[in-house]
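Sending over a structure as structure tokens; questions will come in a sec.
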Amino acid sequence: MNKSLILKLDNIYSSYGNVQVLNGVNLQIRKGEIVSLLGRNGMGKSTTIKSICGILKPHFGRIEFNNVKITGMESYKIARLGVGLVPEGRRIFANLTVKENLIGSSIKGYWDLDKIITLFPIFEERLSQLSSNLSGGEQQMLAIGRALMTNPSLLILDEATEGLSPVISQKIWNVLKKVSNEGISILIIDKISQELKNVSNHSYILERGKSVWSGKLSEISIDDSKLFLGV
Amino acid sequence: MNKILKIVNLKKNFGAITASNDINFCLETGEIHALIGPNGAGKSTLIKQIMGEIKQDSGEIVLSGINISNFKTEDRIHLGFARSFQITDVILDFTILQNVLLAKIGKQKKYYNFYSSIESSEFSSEEIKSILLKIDLWDKKETPASLLSHGERRQLEIGIALALDPQLILLDEPMAGLSLDKIEKMKFIFNQIKNEVPILLIEHNMDVVFSIANRISVLVNGKIIASGTSSEIKTNLDVRKAYLGTA
Amino acid sequence: ADGHKLKVGMITTLSGGGSGLGIDVRDGFMLAVRSSKDIEVVIEDDQRKPDIAVQLADKMIQSEKVDVLTGIIWSNLAMAVVPAAVNQGKFYLSPNAGPSALAGKGCHENYFNVAWQNDNLHEAAGGHANSTGFKNTFILAPNYPAGKDALTGFKRYFKGNLAGEIYTKLGQTDYAVEIAQIRASNADSVFFFLPGGMGIGFMKQYAQSGIEIPVVGPAFSFDQGILKAVGDAALGVKNTSQWSKDLDNKANKKFVSDFQNEYGRLPSLYASQGYDTGRLLISAMAKASVNDMEAFRDALRSADFDSTRGQFRFSSNHHPIQNIYVREVIKEGDTLTNKIVSVGLKDHSNAYVDQCSM
Amino acid sequence: MISEKKISYISLIGIFFIAIFSEYFDEPYLITLLSRIIIFSIAAIGLNLVLGFGNLVSFGHAAFFGLGGYVSGILAIHAFNSELLISWPFLFSGSNNSIIIWLFTILFCSLLALLVGAFSLRTSGVYFIMITLAFAQMLYYFAISWPSYGGEDGFSIYVRSTLFGINTMKGLNFFFICFFWLLIILFITGKVVNSPFGLALRATRLNLTRVKSVGINPFRIQLMAFVLSGAITGIAGSLYVDLNRFVSPSLLSWQMSGEFIVFILIGGLGRIYGPLIGAAFFVAFEQFFGSYTEHWQIFLGIIIISTVLFAKGGIIGFILEYKKNE
Amino acid sequence: MTAELLIEQFLNGLQFGFMLFLMSAGLTLIFGVMGLINLAHGSLYMIGAFSAAATFAFFNSFWLSLLASFSCAAIVGIIVEKTIIRKLYNRDHLDQVLVTFALILFFSELVRWIFGAFPLYLDVPELLNGSIEIFSGIYYSKYRLFIIFVGLIIAIFLFFLIGKTNLGIQIRAGQHDREMISALGVDISKLYTLLFGVGAALAGLAGALIGTIQSVEVGMGEPILILAFVIIVIGGIGSIKGAFIASLLVGVVDTLGRFLIPWVLQTVTNPSDAMSIGSAIGSMLIYILMAIILILKPTGLYGKQLS
């Protein structure tokens, strides 16, 4: 594999005030790859994402996006470089309608309102509904749609299929595969599952804020799996 | 078996959206009853109606023979309902202990007590200790909820529900976002609890549902289309089409 | 002066809304006493809050041990301070507020008002309305005690009909409604008492409305400090005052020129009152020591000083007996100012003399 | 290490001894100021109960302060003039007995708080801020334009009310009465805040849905806190009127409500002694800078802004933080 | 009372409503849309009026002073936002109340320091002086018609800005979750600075326009501050339409109330008492109105109830 490097995390340390959470995270994503980030609860996966997106500023280490150093950059600038985020807990804008959520931060490109509606037909009749009234799963779809509408070159999903029914999850996996075939890179956090194993090209495991394992998920040893993932 | 909770002909519309379409359903002692269905089928809405957080358009909710259809949430909780939220909702500025204490205070109607100190022994009783041990958070009892990880907050939600000393528990996707080790732990907790209090479980994680549910009902577009044991549901074609997909 | 020392506590409004009045009273007073080495003045800002004023009075009396208090601008603050102060054996000389309660039943031998009883200027306006021949007048004032006193004062002397009587909201600044009512009322004249910003707004809007009915008011809305802000809308308006810049007497000429030299602006009504208060005090000190309360009181009562208003003496309830003039707003070059056109009420006292048991 | 408790006790004892010394050095005005500080802090402690612990930003607490003042003033002036206050169902011409005055104050302020609270608590957030303001403004305008008790002029009550034959006109004695009230109120709020009720109240501030889902009716909790708060602030109003021997609508003005909030925030939000420290600072600042420049409010503005931006926990928070880093 | 007078008073009410809208327009942006409680709105209003008066004294041109009013207010607004306000977005309402309360103290004293304690002069330009007859017998001041016109323009401008552009969506999103909207590529700080500047400019403009027929003095901003909040809250926070309708409603209710209540009371008591009781009720009227509306609709007329 000689595709160009899109994202590179080099020995990242981050903390919330006095609470040290990341103690050396390393991670790389190439163009068009789907990379998954795994680990038990509280190991620092979401914190890693926040550090990439500039929501949290790492106090040590270096992050490069398309060979540009983005450590310490303001989060909106990072987003404008082409990083799209589906955050943990959805964080939809509850005071806006479904449509406003989708178009508010959109950037012209492949994904537009029509394509999102084709992907999630449920939104068709709810464009003007207040998004806080959506069901849990619908909100997750909205968060995914919102990120896609920014037409990113790197899509990050934190708890990608949380709260989604099996049918919809399958749909999401298919979309992700398609998207990555078009050359968009994906970083995904999700509970370990067969689909995840199938789609991800490469995986990293975090343990207490440190990268402790990386490789192809289907090749993980039973011991490592027990040790790091609890199964 | 004893039918604790009975739902009769429940209906609810949000404008053009039908969230509950003539739902009939019951929860029996000693069981974990799973409620599954596509996103937006009306599962959370059903729980909200059972709790009295939103009012049904028509139909009845009956608890142990008492028609509680028009009761306020508060009264239902005192009758023995407890629930967890689909999106974790603990009090972040409170410690684990305070979160659980609050539930105890609510249940025992101690909230008009102006004079005793919450630190006094009356409130940090053995009972609370046993709950915290059950949910595996006793060691962290003085930790503010804001410093807990996602999984621990979910555990805390269960603890709060238990502190309400409930007759039945309604759990809205308690496993969402939990890692597999935590899921195993939760499954263990649920199996322990169910003998004392039956559980209505909403969950999209089919592995969990099929392994611990005694009965499963499937809700699609506000209507229950099937009800039965794991094996019956797994093989039901309608359910496969509407919900499970090819999995 | 013959060496009688005396300490004055001045409580007045120096910050916040309405501080212009306090500043003028202070400046006028200080101008009068600046040459006297025997007077020590302590000045405090009441922020136009009655509770602060009360506490400052306590401070002046208890800690500063002043002999005489003065300075308060507003009736409600005076009501808060004066009774307590005079009951504790201090003299109070009012340079501005003259609420009826302190002129009638609540009068006190140690309380002297050097400005006017609150009703005076309004009474004169009523008298002026009669002599001009107004028959049907529309009157308005804000809905608070001073506003009611104003309309009562006007009605006491006005003999014609009332085309309408309106109490507006205190602090109101838009008068479209009232102006429409005036227009619809067939009034032949308007009398208003709207102090401060209220009056500025009213006059501008009235001028805008194109109504030609003549307006009369007390001097407060047409005085030096405020005229500039009203602008040409005030030109020609008749207003009543016990003082005017162009009063032709020696004391006044000296006052006007001294004030201009000292502060670089034209003096206002309030400045003249502050100045007269200072002059009264100095005249009394020349006659008696403040430690001899009886003698000092008599000295004050005799009002043996050259007032900027010419004739000045106290009635039995210690309020001025003086001429109230009718002035007209004119332009001197580019500056708006007032000129006396007639005497509204001659040697005017006040309506509460009989109620005072002094 | 200095703890919040220590700061609190030091400030209490400090105030007490300054008062004693002022008497000794014949500085009666200082005693008046101290009484004023205490009264303001009682008012703000009342507000802090709902604002600091229940996150109910009442912008209308001057209503209770003012009502307390008017109730006391009206009782006292009728007693002073021996005029009948009511003639039915029994004859009553006011009273200048402090105990009776306080009882009436508590009664009326609680009732008003019950009324205002019952309506206002239907709303939340900014709407709550505004509706409490609305009620206070109604009272304010009513007081200004209602002629019976002086309208905007207010009225004097000439002498302080009496308590067990103590000479209340003497500054130090009156200070002791205020100080005693402060101790009572501090004790009560300290108890309440740490009680189950207090926990429930704090919870309503943080997460309403959660509170409801454990069977607590937040409305009732908040209403009770609001009534208690109103009564406490009312007592402060009553004492304030006694201090000044004067009642006026300015007690009811929105600036007054604003100042209470300022005391709380300067001292430290949600801390039992916060209002005391805040009020002390405010009054001291006003006296000190006020005697230097008419424009002291500019500096007050700057100080407040800096406190909020850089000392998040108010003065107490700042001291604690500072000591910790030392 | 004649029907004409009643109609005229009703029109006066509407006109007063437009004036109220003008006063509250800036606050609608800053408070309604950005969610920042800005008590210093009145100070910006005052700054606008004083800059206008100062400019007028210098150049004697009304139009130039209007220009000065909103540019000065905008500049002050932007400076204040960049140095102080932006630290408050993540704080709770209380901190915002306190800091902006402090800003009132600061600006009032500062302006008094610079301009002195006496009111300043600002007057209607020749072009808009006097009144015209709009119906037979009903005269209307040209200047007031001008205020209505400006009010309408601003209403339309705000409605489009907030309701119809992505900018509006982004700002409202930022009010809900700043971190998130920023992670989606929106420079929310800059937007907020901009918006605060526009809000300040509108406040300043209103100060000059209304100060022209009222009075330009220190403290002129305080009464309008509360009024503006009342209007936004009645209309429902975040809704431009709500603020607009609430302005007209308050304008009409206040005007007619002040006019009709004493008149009605005259039938039961003597005119003087009727007048004084009536105006007592009249001055409480808008607060009564607000309390009633909030009791019936706890989030105002057009406010959204978030679950």
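Lettered A, B, C, D and E in written order, each chain numbered from 1.
FYI, a contact is a pair of C-beta atoms (placed from the backbone, for glycine too) under 8 Å apart; a residue touches a chain by one contact, two chains touch by 3 or more.
Only a predicted model underlies this, so the values are computations on that prediction, with no experimental measurement involved.
Listed by label, the chains that touch subunit A and also subunit C are E. Chain centres here are C-alpha means, and the one lying farthest from subunit B is C. Chain centres computed from CA atoms place C at the largest separation from subunit A. The distance from the centre of subunit C to the centre of subunit E, with each centre set as the mean of the Cα atoms, comes to 34 Å. A straight line joining the Cα centres of subunit A and subunit B is 29 Å long. Taking each chain's centre as the mean of its C-alpha atoms, subunit B lies 44 Å from subunit D. If you average the CA atoms of subunit A and of subunit D, the two centres end up 52 Å from each other.
Counting partners per residue, subunit A has 133 as the residues that reach two or more other chains. Along subunit C, residues 15-16, 19, 143, 148, 167, 169-170 each make contact with two or more other chains.
Of all residues in subunit E, those touching 2 or more other chains are 108-109, 112, 276, 279-280, 283, listed in ascending order.
In this structure, the chains touch in the following pairs: A-B, A-E, B-D, C-D, C-E, D-E.
In the complex of the two chains, the subunit D residues touching subunit E come out as 51, 55, 57, 59, 119, 122-127, 129-131, 133-135, 137-138, 141-142, 144-147, 254, 258, 261-262, 265, 269, 295-298, 300-305, 308-309. Residue ranges on subunit D touching subunit B, taken from their complex, read 191-192, 194-200, 202-203, 206-207, 209-217, 221, 224. Within the complex formed with subunit D, the subunit C residues making contact are 14-16, 19, 44-45, 49-51, 54-55, 58-59, 62-63, 75-76, 79-80, 83-84, 87, 99, 101, 143-146, 148, 167, 169-170.
Put simply, subunit A touches subunit B in their complex at residues 19, 39-42, 46, 88-90, 122, 125, 133-138, 140-141, 159, 162-170, 191-192, 229-231. Those residues of subunit C that touch subunit E in the complex are listed here as 15-17, 19-20, 23, 143, 148, 165-171, 173-174, 176-177, 180-181, 183-184, 196-198, 200-201, 204-205, 208-210, 225-226, 228-233.
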